[in-house]
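Each of the two complexes below includes chain A, the first together with chain B, the second together with chain C.
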Partner chain A sequence: MPFDLTVLLPHLDALLAGALLTAEVCALGILGAFALGTGLGTAATAGGWPGRLARLYVDVFRNVPFVVQVFFLYYGLPEVGVYIDAFWTGALALTLVGGAYASDVVRSGVLAVEPGVVEAARVSGLTRLDVFRRIVLPIALRTAIQPLGSIFVNMVLSSSILSMITLDEVTGMAKGVAAQTYRPFEVYAFLLVAYAGLTYAVSLGIGALHRHLNRHMVAGGGGRA
Partner chain B sequence: MRNTGFTAHDGIVLAQGLGVSLALFLATFAIGLALGALAAVVRHFRPPVLGVALDTGLELLRNSPVLVQLFLVFFGIPALIHQPLTPLVAAGLTLSANTAAFVYFIVVAGLDAVGREQVEAARAFGLSRAQLVRHILAPQAAAFAMGPLVGLAVNQLQVTSLVSVIGVVDLTKAGDILNLRTLRPFAVWTMVGVLYFAVAKGLTLLGHRWERRLRAHAAPSGL
Partner chain C sequence: MIAVEGVVKRFGAQAVLNGVSLTVAPGEVVTILGSSGSGKSTLIRCINGLERLDGGRITVDGLDVANPRQLAQARRLSATVFQLFNLYPHMTVLRNVTLAPEVVLKRPGAEVEAEARALLASVGLADRADAYPAQLSGGQRQRVGICRALAMNPRYLLLDEVTSALDPEMTAEVLAILGRLVSAGTTMVFVTHEVEFARRISTRIVFLDHGRLIVDLPTDQFFADAGGMAHPRIKQFLSKMTPVGGQS
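Right, the complex of A and B next:
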């Protein structure tokens, strides 16, 4: 059988429905990971038990494979009486793991804020909370946006694993199409290029956002552009 | 009568799975490291067409889900060439290629970090390209690349957990098997998670020790 992509044409709507589900679960996961990562990253800069707890959390979720986390949430939790359906398990799993990765980025962003800026804000009479909310976090996120973007892109790639817990996102749908058409090579090659194209588009968008957020910054002193 | 309790044999099943995961990781990481580094060195001398081809092809591998790559190799290639692939061969091929793609971009960055003036100086002293790579580029690029490579290794170890979908009996598949018999997913996936965690942490510690040794000779102003 020669390579023939037209066999996919009758199944485009199924793939598109899957892609939509991928988009939904990833959007939820990314929002969750952003919130969790900001919280954890901030906590990790603190001393004492909040810092230790945040660092332990990050350590666990970064060093256990995503599949195992997903299986634990989907198959393990019902054993102790917690039932979550596949879609919300997916969103939760993406949030938990993405939050761990985002936390590291936010933490180093917060640590990179110059102490002088914070002192100036304190002297101007801002409360600690205001300093954090209006000065430290915006500056930290401005530097963190690019690494955060690649974490979010990775989350989209990881979401394909959710097909293993019966979620019919785009990889799950593709499995069905491959079985129906007997053309697995065309189906998965198309899917691979589609994912790569999507991540490329997202990284272009993140680059543009990064430039937009840093538009008022003076161009760096001779560093590589 | 169905025995659903944990037995000593379950430990052996898990240990065997862990062995398969580790062996697969070590083999594919070594192959990926060699291929990726070789491709990066070739790319460093800017061959006209090959450079672009490498960049595009490996960017595609780096930016798509490993699960889809596994499906493409295990289900897609046999359909195209009418030759079956065993799960282990498919897993080995996919993970090696995937690792090579990530290694390529790390090593390219490492090589770029070595100053151009050093290359020119070495060439002026009459070093051949091979000598230049061996004595000037490789030691410094290795020191630059070591940190990201350790991170990649921890990541690729976790990625091996996906080969269970195509039927390789690795640690995750062993967990699956135990889970089917004992019906205790909470305990089983916790155990499997702890095992992966322990190996990943060990790998990180080992990597950092190695990184310090490589960096011992690098000037502190290196970064």
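Right, the complex of A and C next:
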């Protein structure tokens, strides 16, 4: 059988719908992971029980297979009366695991902020909250944004198992189409391209954000050096 | 008045400040001299509340810096200029200067901005208001650091070796600005290795030696043979600091 992409045409709608669903669930997961990671990463730099709790969370979620977390949320939680549909389970699972990885990156970013800069802010009379909100976090995120990008890319890749909880994301759709058409080569070629496109879009977005946020942070960045 | 009373500060077993007492009254310029490691920076950091005291007391206009609520008040009365500038790298020069007056003093933005621009103009940085710290030279950065401190209208200006990261030309720029502030009556606690400059601007000079304040004298007496120079430690210190052939 020669390579013939036209066999996909009748199924293109389904495949694109799957890709769109993947994009949606990942976008939500990325936003969630960013928020959760920022909170956890900050807490992890604190002493006392908030720090310990945040570090424990990170350890737990990084050391359990993603698919097990997904099954737990989707098949386990209903046993205790918590029902979440497949889409939101996917977004939540991506948030929880992505947040754990993002937390580590944000934590390093916070720790890398120049102590003297923080001291200048404290001495100027800013409250602890203002020092954090206005100085520490914005600087930390500027260092963190690039490594966060690779975490987000990995989340897109991880989302491919969400068809195991009946979510019609692109991998699930592709499997279905391949079974129907007996053209796995074309179908999975499409899938390869779809993931490459999605992750490339994430990388591009993060790269642009990184350059934008850091455009003034190094000598020679646009002005007189 | 800044009152430092019997202050002890330890790092581990080492007493970095060992019973230091000092007062700075409004209008005074008090220079702290002492060799490296004698505790000068630590003393400044105790006054602005960056270090916890292990003994003694520091008050700024009666506010005890060991008390968090009073420290918050005290920090509105003094401002610090740092050796390595410590500007906020993600903010423009203007924002570096306006941040604390707006957020801490809750003053109206337009008024604060106008004042900040005037301050920047007074140090020759009117056209750099929208630049970022990374785009400035060291001397320019330190001038921003000074504006940032002055924007709070502080009663007390704390300066810790504010020129030691600068080359001679930039040092001269910054010292000229400090000289103008002194003429305007700004109260300062001044840590420096610029002995000649200190001699010109200071009302008093104190000398720290291994965490003890061994001399606290009006400037002319500090440099007199029967005053500070009678101390072997100080004589030795000044002979190292003052260029050969310079006045001493």
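Convention: the second predicted complex is superposed on the first by the 218 of 225 C-alpha atoms of A that agree within 3 Å, B and C clash if a C-alpha of one lies under 4 Å from a C-alpha of the other, contacts with A are read in each partner's own complex, and residues count from 1 in each chain.
The definition used in the following text is that a residue touches a chain if its C-beta (ideal position, glycine included) is under 8 Å from a C-beta of that chain, and two chains touch if they have at least 3 such contacts.
Everything numeric in this text was worked out from a predicted model, so none of it was measured.
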{"item": "Which superposed partner A:135 touches (first chain B, second chain C, both, neither)", "value": "second"}
{"item": "Partner chain(s) touched by A:27 [first = chain B, second = chain C, both, neither]", "value": "neither"}
{"item": "Chain B versus chain C as contact partner of A:208, first or second or both or neither", "value": "neither"}
{"item": "Touched partner set for A:56, first chain B, second chain C, both or neither", "value": "neither"}
{"item": "Partner, of chain C and chain B, that touches more residues belonging to chain A", "value": "B"}
{"item": "Which of chain B and chain C A:217 touches, first, second, both or neither", "value": "second"}
{"item": "Which of chain B and chain C A:46 touches, first, second, both or neither", "value": "neither"}
{"item": "Contacts of A:124 with chain B and chain C, given as first, second, both or neither", "value": "second"}
{"item": "Residues on chain A lying within both footprints (that of chain B and that of chain C)", "value": "none"}
{"item": "List of chain A residues in touch with chain C within their complex", "value": "114, 116-117, 119-127, 130, 134-135, 138-139, 142, 213, 216-225"}
{"item": "Touching residues on chain C, where the partner in the complex is chain A", "value": "48-50, 72, 75-76, 79-80, 82, 84, 86-90, 92, 99-100, 103-105, 131-132, 134-136, 148, 152"}
{"item": "Chain A - residues contacting chain B, complex", "value": "1, 3, 59-60, 62-69, 71-72, 75-80, 153, 157-158, 160-161, 163-164, 171, 174-175, 178, 182-189, 191-193, 195-196, 199-200"}
{"item": "Chain A partner contacts - residues on chain B that touch it in the complex", "value": "59-60, 63-69, 71-72, 75-77, 79-80, 154, 158-159, 161-162, 164-165, 172, 175, 179, 184-186, 188-190, 192-193, 196-197, 200-201, 204"}
